[in-house]
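Okay, handing you the structure first.
Here the chain labels run A, B and C in written order, and each chain numbers its own residues starting at 1.
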Amino acid sequence: MPKWFMPFAGLTAVMFAASPFVIASVRYESTMGLVQKIFYYHMPSASMFLLSAVVCGLASARYLFKGSPRQDRLAYAAAELTVLFGAITLVTGPLWARKAWGVWWTWDVRLTASLMGWMVAWAYLLVRKYGGPGSDKLAAGLALFGMANVPFVYISVNYWRTIHPKTSVVPTLPADMGMALWFSFVCFLMLFTLLLRLRVRLEEQRAKLDALYLSLDE
Amino acid sequence: MPARRSLGEGVRVAWLILRKDLTVEVRSLEIAYTTLFFAVSCVLFFAFALVKEGKAPEDGAAGILWIAIAFAGTLALGRTFERERQSETLRALLMAPADRPAIYVGKLLGIIALLVAAEIVLVPLVAFLFQAPLLSHPFWLGAVLLSGTIGFAAVGTLFSAMLVRARSRDVLLPVLLYPITVPVIIAGVRATAELLQPDVELALVRFWVALLLALDVVFVTLALWTFEPLMTD
Amino acid sequence: MRVAVLLALLFTTPLIAPAFAAGSTGFGVAGQQQQPEPPKPTDEFVPISQLPAQDQLPAAPLLVTAYAFVWLALFGYLVSVSRRLSKVQREVERLESDIAKGTRT
């Protein structure tokens, strides 16, 4: 593991452990009260979900057109993180919605598109695992289509009539809420980097193992 | 690396492939008949499942039509490329000195032709079973169906061509295809449902068709761009 | 492996935080499990604190579940990757030592 990993992991852990306290110190939002505090984890995890989908797509494109195995490993790792952060978003969201909107789920544009993007990530993992030879390229092709979905998820709330808050909410938050949100966001970004690096390492070791086995056959 | 070929050459290749596929298909009509039968059974299945007190739900027409198209399309895609796989013609095609994207376009047009043929049967059937005025705005319905079919087929042709040599290809095609084509299906169903309303709001239909066309452009572009690297070993 | 232990230790401390954040709302409200009657229509505005208890949806369990899920998911993933990584690393080391010892041809 690179030298920065352990200290970075330590810092991330400390910050993440501190985050509930930071969030607790912020005032309550006037209409939604306590349950709104889910926002401070929901929004950053949604951002990480979209970020990993983009990383997966870009790495897949580079893998398809340049053939670099490093990009393939990065794409695989990013796809797993897309599933992880997508799951977190799709669970925290409905838990908040149950109180804020009165329903667990609604077929609103952003929710539908996010669920769809999440399924594409699952499909990526399934193809990698069960697709047999050539599945790396197949999955890479899929990831490109999945990445095309990301900008749609982001702008959908601004152009459709939707119950989900618009993108204009975040820049106009009061200062203390904004600070807590940015703190949380930085935590999640650090976690994303950590987990990505760790997962890529797993792929590197697997590749090393394959190479070792191959060298034995010679 | 193949030399850059002219657009005319590409069109010629696409047409040749389309003609070849149509010729092979017309001889036995195997895929056409089986796909059509499957689509019809799909519609009937849904009709039976959703019937309440002897009446089928009237609002279900749009959704059921598109589901039948999607299921039948998936089947047709699998069957078409299975045929290529069995006769090893895909490899021969790829070894030929033809522009890869042109091969994709030829295959795509074949699939679209098949699906349009299925829709010609399905639309009156659904209209009849669900008492839905599907034929009240034939131009707009045609536009919706065609743009939706192109989008679905664009992604489907790409993925099934890629899956020809993969393991578990039968189950992987829906796994790959359905999540990506969700926007196409949603737009198609919403547009069709709007067309079935007593007082149609054409502006809304125009919006959905515009969205479908945008999706078509994105999907076909992505497919053309990635077909070559994806089909190369 | 060390990463997992470090992050595990620091993950468990925030579990006391929801009690902090929940503050005065308390956990008792979640205990009511009666069959709710349909609410009687009201003629004027009734602030939520004066509504009968079964109309108020307690926020604390939702909040706790959300935060707990986030930590469990992240922690669970971390454990999963660490486990897979150790397994592969062990096999790599085993293979390398076998090759070095020349026991494999």
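The criterion applied here is as follows: a contact is a pair of C-beta atoms (placed from the backbone, for glycine too) under 8 Å apart; a residue touches a chain by one contact, two chains touch by 3 or more.
Here the structure is a predicted model, which means the values were calculated and not measured.
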item	value
Central chain of the complex, centres being mean CA coordinates	A
Pair of chains joined by more contacts [C-beta pairs], A-B or A-C	A-C
Approximate Å spacing (C-alpha centroids) for the pair chain B, chain C	43
Separation of chain A from chain C, taking each centre as the mean of its C-alpha atoms, in whole Å	17
Euclidean distance of C-alpha centroids - chain A vs chain B, Å	31
Sites on chain A at which at least two other chains make contact	none
Interface hub residues of chain C, defined as touching at least two other chains	none
In the complex, chain C residues that touch chain A	2-3, 6-7, 9-11, 13-14, 17-18, 20-23, 25, 57, 59-60, 62-63, 65-67, 69-70, 73-74, 77-78, 81-82, 84-85, 88-89, 91-92, 95-96, 99, 104
In the complex, chain A residues that touch chain C	5-6, 9-10, 12-14, 16-17, 19-21, 23-24, 33-35, 37-38, 41-42, 45, 80, 84, 87-88, 91-92, 95-96, 98-99, 191, 195, 198-199, 201-202, 205-206, 208-209, 212-213, 215-216
Chain B residues within the chain A interface of the complex	155, 158-159, 162-163, 165-168, 172, 175-176, 178-180, 182-183, 186, 218-219, 222, 226, 229-230, 233
Residue ranges of chain A touching chain B (in the complex, touch as defined)	64-65, 112-113, 116-117, 119-120, 122-123, 126-127, 130-135, 137-138, 140-142, 144-146, 148-149, 152
